[in-house]
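Two complexes are shown next, each including chain A; its partner changes from chain B in the first to chain C in the second.
Moving on to the complex of A and B:
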């Protein structure tokens, strides 16, 4: 019997390796090796020859005011968009989670559409809306205000990017929150009801605390995405840094350093600051989330 | 009590409806503006209906960018990419969920770790490797970097965890090989999961911007997002809004509608039925 099992397992193990090998091949060539090369490049100068230069790229990156501006902008975009996104998505998710909602699936699918739509396409529609004579200024003037320089004023440029980010993310958050809400057993609410807790009380003392890990996860995912934000600023500001560098994100900074300044070493150093922040945030989420479960 | 309830429900649907409008507006705008002249799109009067210039706008894109060919490029890359990626990632997810073998856990952790590395961090080495293989400016070069989608592997593994091992055991007793078990039992049972994941991979290829942007430089090989970029960043010609909207109306709207229809179809999972 032992012999049989052992033989069986080793046979299956060979089958497992055969079946997973195509993935492994692609994984090694397109993810693992590039990750290692990228790490090496961040310590190298890349021209005709590749030469190890130690921390030179990192020093040059940290001395570059544009790099600091890129992180500052990314922080502003996150700080501006995440609270609004979470707030709106919570409202929509809680409403969709009410019993006997007609067309719940339909609403959810439509809200999710931005998450599967080309960001380039979305940004080009907003580019039209932000045109001095576009839809948004038409609405603004209709309400009796002065037209806004959406894409030429540094302050409004950042608002413009935040609006697009909120529009792109609310649906994704809503679907995540809704899944989180559906995991909360209705018994919890029923017993709260019996104890005489009002709906609002229930929302703040049951829904919010139980949804916290999901909210945290959504925030970390969008921060990581936000670091690499490139498509929306690239289209809205037509491959520029925006007025007074207002639209530089870490992604834009990285792209321009690679393919316009053709400084692959420095660009790789920028990339690795992104990796470190992303991994740090993910691990932080993992640890915080893990603690929640341990309770 | 009854009327208070009705007011609450009306308010509830009102808020959900406003949300719906906000999300649908850009898509409706693409459709309407695609049929209008540039002067109307940015003119002083709002438009609420269809104009007569759709074909003219489309002809403009065809003339400037050979739009039919661009659509063909996008379709080719998306379909081939999705098929290859789904074959590779379905196998990997299934193996990681259902087989215990030396190195399996290590592979799973490597996949999880790789998920944290932003795609952006890899553009330079990927570009380097592809040009070393002579694959820059080729369709293969655009398809390759996204085949080993860690998200797809992760999703397929999650779905495959529910796949009953009893089915595999009884098939083994009947003398089926591991490959037969995969193709004849796992694939049909996991079909909804494969289609759901495949749909996301499909959208990923269709919407891809960064890799095509750095890998393709021959306009004959451009994909749809690249001509959108070209139209909005062309410093020589003023932006033709009608033509841009015609591209969006014919490349974004149909795919989004397809997504809605298929997504609805795939929601159920066959795992429950298979075990009966």
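Moving on to the complex of A and C:
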């Protein structure tokens, strides 16, 4: 009987491996091998000959002041955009989840549209908005304020990028939160109402705690996305680093190192610092999220 | 369990194989271009085949096609051409570098800007045939602008000329003669930057128009042009950054004078030509002449071309270089010999050069400007013989040095300009700061 069970498990295991093998092969070819190659490249000089150079690329990366500036900018963009994106997305999702709102499907589609629109197109449109005589400055001057140098002042350059990042991502996270909200049983809210809890109390005591796994996922995804920010700054600042290098991100630095300086070894080293930072930040978020959950 | 083990073993072996392959030395690309079997101008002409070329659409593609007809007729060959539209700067680098790394078969002809060629040749010079080894430079080099040839010799790490020289640009002045006439300014009397500033003030007072465009994220073109006129190469012959010298500081002093005169329109780099068109003058390379005529048709008859003013009237006329392009032939291509034979014809045959002039191209081969076609007048420029004018300006080009990272220096100079203009930092301090950052990035020295 025992033998029969082992055989059964073995057959089951074999079938499982056979079934996942197409994906596994695809994963190995398109992800694992390129990742391993990239890791090797980060320790190599890439030219006609590929030569192992040890930590040379990493030393070169850390010696370059632009590398630190790119990380600083990237963190500024993440710190500026992620909380605003998540907050706005949460508000929009809660509003869309109200039963008395008509045309929810329409709004959901409209809010999601930026997520499926080309970043290049979005950034190009925003480029016209940020023009000295563009839409934003017209609004600003109508409100009685002085025109803003959106793309020529280091501070406002970074704000410009943050606005585009928020606009691009808020719809995606709205839909994600909406799906999370719809998984919360209405009975929980009914019980709270019977107990006399206000809507605000319900939001903070029911919605937020039950939505926490989705919020955590959103934070991790937006952190990883933010770390790779490339298209928006690159288009808004036309392939430059912006005033006082205010628009250079790790992604822009990586791109320029690869394709303008043709230094694939150094570019791979930059890419691997991104991997380490992304893993570190995600782990941190998991740990912090888990700790609060335990409390 | 066995299957699991097999999968894991296969996976590990595959990864190891890939890493070993990455570390292995290529046998296909290691052939020496100077070996006895290397092709030269004397090699028997290839009669048939299809040449593939990565070249930007427009005049350069049209030129290759027209020249191929001439070539086939002259040599009785039956070559055909297949082109792919790729811009010759960063997009070309993006397109060909992964192919070079993966050792794929390359197109037969690659058009690349000189400023971008350095970074490719720094890593892959042995993957290309040298035009010098082919005999092209020895046979025809004297016909090309000396500054172009001098620059070409410094692009590759081994100082060998790899490119087949296509064109060469210098910065020149496009000015609106009608506008200056309205303001009562005689532009023929403008010889120096001080003269130009005075003309710009008059222009502003009389017409309300600004003299010129500058980048609002840190000016670059004006300061580079003036510095080069003064003989500053920005990168010295040993590849060290040299932007804190007296010549560059003098250029920044003149830049400040222009900016303080309130005769500048600031804008982003995407709009600079549009803004320039509304100003008194535009600083651009010769390539702008063809573009201006077709894009800004309402300016017909108003504009003229002249050398940029000098710092001192007694200075020897010298034109700041603005770049050029060349053709490259990879060793691992299907028809490299035919490609080198064909491009040698394209760049030196009189009829072929005429074809390029007709298409508004500006060959680096100076013999092109001896033809009747090069003496034509242009209505857009008030009947000026602009090809002769541009040839004269280009002949006075400064001799500079190319290094893989030369193009990247612009970012640092623009950052210094921004710091000086917006935050009032002393030029020497701002330049020294940017020079130090640039030097740290490339592990080079700052020339003190």
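The working rule: the second predicted complex is superposed on the first by the 248 of 295 C-alpha atoms of A that agree within 3 Å, B and C clash if a C-alpha of one lies under 4 Å from a C-alpha of the other, contacts with A are read in each partner's own complex, and residues count from 1 in each chain.
The definition used in the following text is that a contact is a pair of C-beta atoms (placed from the backbone, for glycine too) under 8 Å apart; a residue touches a chain by one contact, two chains touch by 3 or more.
Only a predicted model underlies this, so the values are computations on that prediction, with no experimental measurement involved.
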Chain B versus chain C as contact partner of A:267, first or second or both or neither: first
Partner chain in contact with A:64 - chain B first, chain C second, else both or neither: second
Touched partner set for A:48, first chain B, second chain C, both or neither: second
Chain B versus chain C as contact partner of A:141, first or second or both or neither: neither
First, second, both or neither for A:151, with chain B first and chain C second: second
Touched chain A residues, chain B compared with chain C: B
Partner chain in contact with A:24 - chain B first, chain C second, else both or neither: both
Partner chain(s) touched by A:182 [first = chain B, second = chain C, both, neither]: neither
First (chain B), second (chain C), both or neither touched by A:37: both
First (chain B), second (chain C), both or neither touched by A:243: second
Chain B/chain C common contact set on chain A: 13, 17, 24, 32-33, 37, 41, 127, 238-239, 258-259, 264
Chain C-facing residues of chain A, complex: 10, 13-14, 17-18, 21, 24, 28, 32-33, 36-37, 40-41, 44, 46-52, 60, 63-66, 127, 132, 149, 151-153, 237-245, 256, 258-264
Sites on chain C touched by chain A in the complex: 1, 3-4, 7, 11, 14-15, 18-19, 22-26, 29-30, 90, 93-94, 97, 100-101, 116, 119-120, 122-127, 216-218, 266-270, 404-405, 407-408, 411, 414-415, 418-419, 422, 437, 440-441, 443
List of chain B residues in touch with chain A within their complex: 12, 15-16, 19-20, 22-24, 26-27, 29-30, 33, 41-44, 46, 87-89, 91-92, 94-96, 99-104, 107, 110-111, 113-114, 116-126, 128-129, 144-148, 150, 153, 177-179, 182, 200, 203, 206-207, 209-210, 214, 224-225, 228-229, 231-233, 241, 244-245, 248, 251-252, 256, 259-260, 263-264, 267
Residues of chain A that touch chain B when the two form their complex: 9, 12-13, 15-17, 19-20, 22-24, 26-27, 29-35, 37-38, 41, 88, 91-92, 95-96, 98, 101, 105, 107, 109-111, 113-114, 116-122, 124-129, 131, 133-135, 138, 167, 170-171, 224, 227-228, 230-231, 234-235, 238-239, 251, 254-255, 258-259, 264, 267-268, 271-272, 274-275, 278-279, 282
